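Below you'll find a set of structures to go through.
After this come two complexes, each holding chain A, first together with chain B and then together with chain C.
Right, the complex of A and B next:
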């Protein structure tokens, strides 16, 4: 048992090391991504500034508060790209026969899948995320105590898992359709709309859906409103923050189960 | 006890039929038409430790499907597989620890890594100890000359180099069993020769049991002590190549040329097919009479200028087996 844990921990670290070495061979790729993404996000950010100045505030949220929300959401977005980019194209990986390779190795397939790609392109989202989040924290005078630091870390952990779970669950559909159906565009769109703006600006039914069905409210909106003392639409108390890691672990486990169920249906890919 | 035991194996694929055109696409969206395709149909065989078995059959016969089930990638629809007493499906991790698999059509190496890095990764995955790793690498280098491209990224390797790399990768952990699915496909003469030499050597040195699918007659003749021939998912032959030749193509043809026209006799053990002037053709069963005997007998009647023996072509014999023909008539 202990040996198994040591083995998998060692392999996980080794996979990450290999990915990093791979990225170091092509540093220009990363630089180019960083350039375009930074621009993209600053443009998005400027748009919000424009909207907020034009209409006052979004549902009672000031520009500074939105910056905090937006930054928090971007951080978990970046982490989920670094850790889980492979869940965006499960169909493609399946059709390319990579799962066959995983099945030939004396190692857990889900583990190999989760560690197959440690994607530094995520850094290009992480950097703007950090800038905006720090800016937001300063604007709202966020107080960094031990409690709030731990809470932020727990939220980022859970939020990253919630995002990973959505991509993994929708990607696993490919096991049944046996096609390269790609949901990542839709997924990203929904995530952006539900994590970068206050949920309270949407109709009640939408708020319910993104709380109880697809729990994206826990990625950034519920934690941010708790930190900032804003209305979350459900009168959740401030310890709702701690629901994010719980929800994250729960939905990620569910999506892993779905992946494994799909794997059992897997019929290899052509000859 | 056989090392590999396959009992009444069946694999069915469910294929979703896609409709033609927009109307068909809409229709198939609402009502998916499914079709069951039986790729492997009640197959049984056993393979002993140390055998090299050619698993032969036309395209689509079900060879790759069988190999994938044997190696734990696919689950059988029904039937049983035991490799060294374990099921590749129920005990996947333990079985593959003792298995090397190479697909000629698709590399098992990581495209993003250098070949050597791929080996290092495999060393960790299979928990190969340092000594064994170095020994195996040295042995494989001696035959496959891997050192020439060990620092090249896998994506930049030529097909021949990639296949050598794939073979070495499959044997790094000293598996008892090696599955090769069309390992020589697309390779040049030297490439094929390297692969064959490697298979022979590891079989000799390590008694590795090999199952090999191929369309290459050279592979079959040089490597396989036993052939299992499948066609449309069922086994049609299981035996040695020479037995197959003896049974399907027992005949040889003797062409005789004379100095001057003379009527050649009918031989009791050979059939005279035709004679045109000085040229005559005999067909005989090689188990009943040797070519030397036949020539000697005929020389008593005439002066022979030249003769030529014709054998059935292996290709034709195997094709006859594919089509479940009992005998090749002509040659």
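Right, the complex of A and C next:
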């Protein structure tokens, strides 16, 4: 048992090293992506800065509070891009016959799949995310204690898993359709819209959907509300923060089960 | 003309062949426009107007901006990049039609399809759930159509100019993303520029971007005086001429020094 864990950990580190070396081959590409992502966040941030400041508040959230919410959402977005980008292309990987190679190796397929691509480009999302989060924390005078630091880490952990679970679940559909359909556009769009602004700006039914069906409220809105003690017509108890990692682990496990179910059904694309 | 019309038709048929892509793009656009409208509704709150624009005008602006965005989807940049990388640009150059003419007419073919596929559902969704996106008057509507056609040319020329970088750079995708974000931010497609600080607005009035979205949309919701409209559409036309000249100059240069790798 211990030997297996050691073996997998060693292989995991090796996989990460390989993909890092691969990305380092093209430094200009990385620089270009950094510029692109910074610009993208500038667009999102300008929306908040100019519009929310003009109107004073958005559903009771001031500009500084939204900056905090936005930063928190950005961070888990960046982590999910770093860790889970390969789940966007399960269909493509399958059609190219890559998956057959995984199946032949003496290792867990899910593990190989999760570690096959450590996406260094995601770091270019992380940098603006960190900047905006720090800025947001300063704006709302976030008090850094041992408890709040642990809570933030738990939230980021859970939120990253929630995002990863969605990518993985929609990607796994390819096992049944055997097509190269790309859901990343829809996924990213929905998550951006539900995590960067207060969820309360949507009608009640949509809020319910993003709490109980697709639990994106736990990515940033519920924790940020609890951290800032926001009154959204009802105030969240502070322990709602700890729901994020729980929900994250739950939905990610579900998506892994879906992946494995798809894998059992899988009988090669014939390439 | 005949070959170009045929190119446009082929493009329309191939656009229809990818059913999933079509469906997902429609879903994304509809969700995005509804979400944006909720954002504006929340921002306006109980306020009736902000900076001289009423809430309903703002919602109309948003719905029409998304509609315009799907009509202004350009493929010329990716098309150039792909054909330079694959080397098929050499074959395109051998054809007895103008290569950029092919790209332009392919894009025009896409507009026709995008209108039926994306713009109509968007307008319906907008009218059903948000606000009926009616123009300020019939005259405003006609001016909007003319101005939007100008926008199309400006947007196409900018896309083509960026696309021509692929004759020099191999990995052009990040550059194109950057251009997309720049246009989104600086053209008033996401946030109207009147929310920007004054100095930034002044800077932007010297750039072509605002004439892609902000101008036709402002005409549509009727917040410009006839004089402003005439003056701005004049500048819009001048931008087409300027970018057009730049385009022909650069085009001469790149096609002369074309180097195809493999192909």
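Rule of thumb we're sticking to: the second predicted complex is superposed on the first by the 265 of 271 C-alpha atoms of A that agree within 3 Å, B and C clash if a C-alpha of one lies under 4 Å from a C-alpha of the other, contacts with A are read in each partner's own complex, and residues count from 1 in each chain.
Note that in this section contacts are C-beta pairs under 8 Å (C-beta built on N, C-alpha and C of every residue); 3 or more make two chains touch, one makes a residue touch a chain.
The structure displayed is predicted, hence computed values, not measured ones.
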{"item": "Overlay on chain A: chain C relative to chain B, clash or fit", "value": "fit"}
{"item": "Which of chain B and chain C A:267 touches, first, second, both or neither", "value": "first"}
{"item": "Contacts of A:246 with chain B and chain C, given as first, second, both or neither", "value": "neither"}
{"item": "First (chain B), second (chain C), both or neither touched by A:197", "value": "second"}
{"item": "Superposed model, angle subtended at chain A by chain C and chain B (C-alpha, nearest 10 degrees)", "value": "90"}
{"item": "Touched partner set for A:58, first chain B, second chain C, both or neither", "value": "second"}
{"item": "If touched residues of chain A are counted for chain B and for chain C, the larger one", "value": "C"}
{"item": "Touched partner set for A:178, first chain B, second chain C, both or neither", "value": "first"}
{"item": "Partner chain in contact with A:33 - chain B first, chain C second, else both or neither", "value": "second"}
{"item": "Distance of closest approach, chain C and chain B, by C-alpha atoms in Å", "value": "8"}
{"item": "Partner chain A, residues of chain B touching it in the complex", "value": "13-14, 16, 64-65, 68, 71-75, 92-94, 96-97, 99, 101, 103, 105-106, 108, 112-113, 117, 121, 124-127"}
{"item": "Residues of chain A touching chain C in the complex", "value": "26, 28-29, 32-33, 35-36, 39-40, 42-43, 46-47, 50-52, 54-55, 57-59, 179, 181-183, 185-186, 189-190, 193, 197-198, 201-203"}
{"item": "Touch list for chain C against partner chain A, complex", "value": "20-21, 24-25, 27-28, 31-32, 35, 38-39, 41-45, 47, 50-51, 171, 174-175, 177-178, 181-182, 184-185, 190-191, 195-197"}
{"item": "Complex interface listing, chain A residues touching chain B", "value": "7, 10-11, 14, 18, 21-22, 97, 100-101, 103-108, 177-178, 264, 267-268, 271"}
